[in-house]
Structures are given as C-alpha cells and as structure tokens.
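Per-chain residue numbering starts at 1, and chain names A, B, C and D are given in the order in which the chains are listed.
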C-alpha cells in the first residue's frame, strides 16, 4: 500500500511533535560541539510549519513538501535552515502533483533531498553532518527496492540505517559546519544534525507503519 | 539563567522594537522578515552594503547601520544566522541601482543563507557581490573544512566598505575593499566564562573557576585549548603570537588594533589587554595607527576578549577616518 | 576571581597607559597624581568642567573627556574616590581663566575629597564651583543621612555642562545647568549578579541563582530589597515606578531616557528594558525625546541595569545635541 | 614617662603592619555594608606612609604626623582618606615642634583629630562611623587624666573604649557614609571605619606599653 497525502501530513505533524520533545536534547548535543541552538531552531521551524500546513493540506504532496521547505527556509536559520529547507524543496520537486507515494517515489524524493543537501552544504560522507545519517537511509531504501522488500520493512531498514549513521558520527572529527572549528576536540560527540535527521526518518517509519 | 528578558522567543523582536524607537534618527526597522536599515535609505546611485548574522553579538550588526557604514543589517535568532528572505528583502530595500555588497561571516549557516538570498536577488535583477570574512586564526584553515570563522575583521570591513560606498565607488571597488580587509586582517579571542543562550537556558559550556578557553568562537564554540587562568599580559601574548605569526604582518607595517570585549568583560580590562598588545606590536616593529577598544562584537554575557589587527594603507586610513553615523560607531557626523 | 588583569594594584595605572595611547587624538594622561584631560586643553576663556570618582565604572568618567564634555577626569582606585591632589592638579591644568566646575557624585568620599581640592584650588586663586549629583531614588533621602547616591544623571550632566561651557557660558551658568540636571533627573538600578573588586578577590555580595537585588548602587552596595528574579518587563516597572512617582515628572513632560548597563549585561537586554520603559513613560503621558542605551556607567562586571529619566527643556535639548568628541560619547564632530 | 619620637615612629610602623594583616578583614566588613575597599585603601595608604617615613624620621612629632596625614590624604581616597588624613593633620598641628608627648599632649592631639574628623565628615555619635570608636577613646583619655591614671593605663582604657565603641556600631542603622544607603539593612554589621580606628588605637596602647 502506498503512503497517502494524509499519511504525509500525519508524518509532518509527528515530526513537529518529536522535534519539540527532543528540543533540549538536540540543543545539548549542539552545546558540546556547536552553539547550542539546533533544538530551538528546528522547533521554531516546525512550529511555523504546523501553522502553515492547513493552507496546503488539500494540495498535492509536492506542494505540501515545497511549503514545508519554504517555511523551514524562512524560519529555521543557521545551517539547519537552508539544509532542511533544501531537503523538503527537493522532495517537493520530485513529488510534484502526486497524491500518494510508492516506495520508489519516496526513495527518489529522499535521494533528491540528499543530493540537494550535499549540493548546498558540500559535505561528504564522514564529515560528521546530517549527510552521515541521510546517506545510509537512502541507500537502505534503494537496497530494499532491489530486494523487493515491502514498504514497511523498507522504512524500518531506512530508519535503522539512519540511526547507525548517526551513531557513527560520534567518533568522527568534524570537517564541515560549526563543529569543524573544534578540530580533534569534536570527536566523541554525536552530531546534532545527524540526530535530527534520524528522528525525522524514524518518525516516518513509525507513522507510516501504522497506516500502510 | 539570569537575564533581563521576557520570553526567549521574544528577545530579538523586542530588541528590534526598542532600536526602532531609541535610534529613530538613524535607522528604521522592518519586521517579518526582520531587518534594520538606515533611516534615509535607499541612497540612489550608491552601492548598498549589508550584513547580518545571529543576534546576541550586539552592537554588531544593527548598531553599525547608518551613514558611512551599513545600509542594512539582518538579525537572526540568537546565535543563528538569519534566513534568506531577510537578506533578500534587505537587499531590495537598500538597492540604489548600483548593486549590493553582502558582507558574510564564515559560518556554514551564514554562507548558505546569504548564498540563497543572493541567488534570489540576482534573479530579480539586482547585482550582488558577497565577500566572506574569515579572520579567526584560532581555527586551523584547510580546504577540507569550513575554514576559519569570521570575527573582528567584519566590523572593520563594514566601516571601510561603508565609507567606500559613501564615496560612490563601484560595487567591484567596494567588494575589493572588503577583500582587502579580509586579506589584511587577523583575529583571535579567549573566554573566561561561558555565555547562556536564552533558549538553551544554561551555559553553553562549563569553565572551572581557575580555567580559561583560548581561541573561543563568538557563539561559545569551544576554542583551541583550555588551560589555567593566566595574567592579562600572558593572555595577550597568547593571542598576539598566533595573529602575528600568521601572514600578513611584518616590521614597518601600520595597523589598526581592535581590542574587543565579548560582553561580560569590563572596559577597564580591555584597556589592560590593549596596553600589552600595543607593546607587543611595537616590539615587532609594527605601528598601531588606529585603535578601537570596546564591546563591539559580543557573545551575550561572555567574559573575554578578542584582538584584531588590520594592516592599513593610506586609502584604508582615509576610509576609516571618514564620517560615520550609526548607533554604535560615530564620528565626524 | 576571573579577570583580565595583571596585579590588582596596577589595574588603574595600566588602563591609564592604554587610554593615553588608544585615544591620543582626544585626551592626554598625567600620572602621580592621575588625571585624564582633553588633548587640546586648557581652553582659554572657557569654564573647565571636571569630574572624577572611583575606577571600575568605565567609560565614566575618563571616556567622557574631550571637546563638548569634560575637560578632565580624575580616576581613583577601583570603587574608591580619588584624592584631593588629583582634583587640585586637574583643576589647575584645565583652568582657562573662567573658573572650574566640579561635578561630584554624592558619596561621602567623593564629597570630602573634592571639597578639600576645591579649598586648595580656591586658595591658589582659581574660582571653583561644585555641584553634587544625587539622583538615585532607591535611597531614602533625609537631612540626617548622606542622602541619595549620584548615578546616571552624572553622565548626562557632564554632557550638558560640557556643551554649555563650550558656548563660553559663565561658571555660574554652567553650574546652574548642572543643578538643573540634578533637579530634573532621577535614576534607579538593579543587579542580577555581584561584581568582584580586584583587590577583594571575591564577589562583594552573594546573590542566589534565582534572586535579584533592586535598588543596587554602582559599587555593589546592597539595594532596597532582594527578591525572586522577575521578567524584564516586571523589573522595568519596578524601576520606573519609584522614578516616576518621585518629583519632577508629570504628563506632557519631555524626557531623555538613559538605559544604562552595569557591565555584565548584554546590550540586547538593555534594549528589552528600554522598550518597556519607553512604553511605561508613554502610558504616563511622558514623551521620550532623546535616548541613550548602553554601558556608560558600569560596576565592573556586574549584570544589571539602571534607568535614568531627565526632564528636558529646549536649552537642554540643544546642549544635548551639540557636538561632543570623547572616547565614549561622540557626535557632530 | 612620655612617648618619644621613636615610639611614635614605632607606632606608625606597627599600625601599617596591623592594617596589612587585617586588610581582608576590613574589606570583608566593608563588603557587607559598603563597597569592599576599606582594607585595600588603608593598606595602600599606610604602605605609602612607610615609604615616606624615613624622610621625616629625624623631624619633630608634629611634622611626622602632618606627613602621615598628607600621605594618607593623597593615597587612601574614598571616605577613609580625608578622614584619616584630617586625623593626622590635626594631630600634627597640635604637636608641632614636640619631640615627646605627655598623656595630656596625646589626649589633646587625639581630641583635635576627633574634632577634625567630625568637622570634615559631619557624623554624630551613633551614626555608625569611626567617630563611634574615636569619641569614647578620647573621653577615656580625658577621664584617665582626671583620675590621675598613669599613661600606660590610660592608653589601655582608651583602646578598650574604642573597642566597645566599635562593637556598639553593630546594631546601629548607619546615617553617614556609604552604609547609610542601606537604611535598616545596615544594622547587624560592624562598621569598617570604626574597626580600623580601634586597631590604630589598640596598636598605640600595645606599642607604647612596652616602651614607657
């Protein structure tokens, strides 16, 4: 069964809630190797998204994603704003006109997101950024398609891979973003952006698990 | 958390409302998206100079808006770069037909948000150049990292570029002046205490009563090294050595020396730092021809200081001395 | 104690040496006895205006020396009024034949030391008038006590008197302007944290993490009352109420509003205080016609703020707007 | 036996040492109801006195006292500077030309000091200032003269009275000096200036006890 528009909306709402619940956690992670604002930034952004959502909830998924992207872009700020903004804008472009998403649609959308994030931030795998969580998540989806896995399995595999990618940022020395100023002292701390990325994908797996 | 605020989420908005009234003779404030622009702008035929960045560094950048310096400043949330719509609207608002310079501090967020704004502004037919300041020698520079942070040179570049624009120099010439400041300026800072981001509600880092952080960033990003507290003179040496041993200073150079307070350090202590920094420069045969001492680029209530040296030539000296009329920097007008 | 100093006993001397270099275009410094005087002084035929007080309140007073404000400032040890020989020498140095005004803050030590200096200067044939500022409404006034402390109004009086002297008004007229400022101005302050006197090495008082001190003095003298920390808006009300309910404000008045930072409070928070203070004034039908927001009269690294209102008339407005050229306050020149 | 010039010099040196030893104590008292500088101020002043003393140690007691007064005046600052400066200047005027002091000389000198301090500072008894220690000390000397007490007894009585005066400042509400800003909150703390005055007189009793 595909992911319907209402599932997408439910996901975004759950993400907003999840981010709000984890705001202090994300900020704490950012205190250690950044500037103590990632939680507040993401919370502010998704709060704005929730306010904006009713205006487009009768539109196609592409429009919804683009609206989320534009809203994040103009409310999050910092590194997270343009990156998560680009993520949803790119996903919106890939899903333009769609009222439901197959596993392949979702995989292509998330791959477009990843490419957008990489183009914008120029981070490579292993630079200790959200890319380290997003890349394995996309790869897991692609592999699941090749293995003909059902969508709910694919989503879980994707979230699990994001989690592993997130956890793997801990020992890394940051080469991009604010944590890179720390040099070797950035090692030993989990990346906040990779963490928020994992939370977003985890919520996708959980929310859609129930409906599909 | 001990702060004179109401709600963390209202800090920036309330401060902007105050600035609009307190400095109504110099600036006007636009909301949603937020930016501060000079009261008499846009100036036709003049290059617009704008900057922006997270709030919590006051007076930078809003305090530098006015004749002879910035045409507009875009304040983000505390320590969070502003969003592209702010810079886009500010760029459009200050555009006098001669193009707009974006002075951007080298932080991933600032770079990306300004980049997107510049793309959008260019799409609307406005000529935009962006120059990125990256003068913090505390950070190891490398092609494979985000590079050095933009700190004290930004303030000086805003003054020089603002004066150059006031002379009706072209966008390329004003941008060149910014690149010169970027190339000729170096900075390093240190902290005695942490700051507390209002939303976070607790200090960004813990620093024991007898320790300090050398090479701190202006957002409380940890620095190069943490060590036992030392005397002002020793600390000044620890900041000046990496600055001077970096290019571009040599015997005979004339420099502007900027001793900046991070917010919680009394002015009298900044003078003590300045005294030693000046002495060290002299020992290296470097002449301090202009000075700026005070809290101009702060990190909320953080106690600490940063030193910036900017090698000056005749043109830069004239631009530095040119009239400026902003809330935080003012002379000759 | 976390400070950017070398030895406590050298703090003032080293800062003076720095000021002499950093602001050589504006001021010159004499040592033993210590005073800072304007670089182009004495000005013949002009009333000399001098002030002084303990150090640790920078930029007050040394930062206000220059054209249009003070002719000289005498810095004492940290939080300790200067000695009569300083004021005597400064008085002689700035005397241009038209007499010298001493602006003295109402502290027993300042009063007595200035008094002795004035006696000695008069004995040497210099006409001296002294005006004592005492604007702190936090202190209960009484004939039987030392009266109210001199705080924020002092800064404003120095500007107004400096401008009046620049117009070549007589000593009596300049002193009258100081008395007007004294009579028309009121202040009150509060602290979130204590300061640490370098020599003492530990905070002057302990303030628990969730408490504040209302009515604090600028030397860390305890205030009116200690209470649970409140929001910026509530705090502003607690400061504005005693100011407004004291004479001399009434509906229709035009005032200068001065929101001062005590040293450790970020500028962005001062704006939040200003915003509410302005709103409260408006609610009382009082119009804010001039504003000053920033750390101009500090208490070392103390976090906190003070609000000063000064009722203005046309003459005072013109004097306020007149050119001033000092390290800390500068416009029109 | 009278107090000789060398006894006077010994006293001043012991005062300088006593003040240095009690610098933190005096500053702590001043932290509670003042501005935390009384110890540092007095220490700076008496250090300067010690440096100056050799220049006048072959002069009469009046000149020595006046030199101490002028030095305190130009180095102590605050309220303490003019008050202690006046104290020694007045004592110096009363003892001009003298090479030794009888009990009556000393009593007259200290009374002149008290009058000078009161004229300068306008404090009354009970205002919680150094006057509260100095007044009973002078009174004790006068009474001792009436009772024909020997000088070493008189000095001890005087120091004891100063101590009682100092201790009696604790419950008082200050009406003069910086502590007066505190109003009722000044009660419950001993006055720093009364304390330094007591220390000075205690050292006189102790130093001169030995020699006379």
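Heads up, the rule we're going with is that a residue touches a chain if its C-beta (ideal position, glycine included) is under 8 Å from a C-beta of that chain, and two chains touch if they have at least 3 such contacts.
Note that the structure is predicted; figures quoted are calculated from it, not measured.
**Q** From the centre of subunit A, which chain's CA centre is farthest?
**A** Taking each chain's C-alpha mean as its centre, the farthest from subunit A is D.
**Q** At what distance in angstrom does the C-alpha mean of subunit C lie from that of subunit B?
**A** 29
**Q** If you average the CA atoms of subunit A and of subunit C, how many Å lie between those two points?
**A** Once rounded, the distance between the two centres reads 54 Å.
**Q** Can you work out the whole-Å distance between the CA centroids of subunit A and subunit D?
**A** 75
**Q** Residues of subunit C touching 2+ other chains?
**A** In subunit C, no residue touches at least two other chains, as defined above.
**Q** Any chance you could list the residues of subunit D touching two or more other chains?
**A** Counting only residues that touch two or more other chains, subunit D contributes none.
**Q** Edges wherever two chains touch, nodes for the chains themselves; is that graph a line, a ring, a star, complete, or other here?
**A** Per interface graph, the chains form a line.
**Q** Touching pairs of chains, which are they?
**A** Final set of chain pairs in contact is A-B, B-C, C-D.
**Q** What does subunit D use to touch subunit C in their complex?
**A** Those residues of subunit D that touch subunit C are 24, 27, 31, 33-37, 39-41, 44, 73-83, 120-121, 174-178, 180-183, 185.
**Q** What residues on subunit C touch subunit D, complex-wise?
**A** 8-9, 33, 54, 76-85, 107-109, 112-113, 115-116, 136, 138-140, 144-146, 149, 197, 199-200, 204-205, 217, 219-222
**Q** Could you list, by residue number, the parts of subunit B that touch subunit C in their complex?
**A** That would be residues 2-6, 11-12, 14-15, 17-19, 21-23, 55-56, 58-59, 63, 192-193, 209, 212, 229, 231-233, 235, 263-275, 278, 288, 291, 293, 295, 298, 300-301, 303-305, 325, 330-333 of subunit B.
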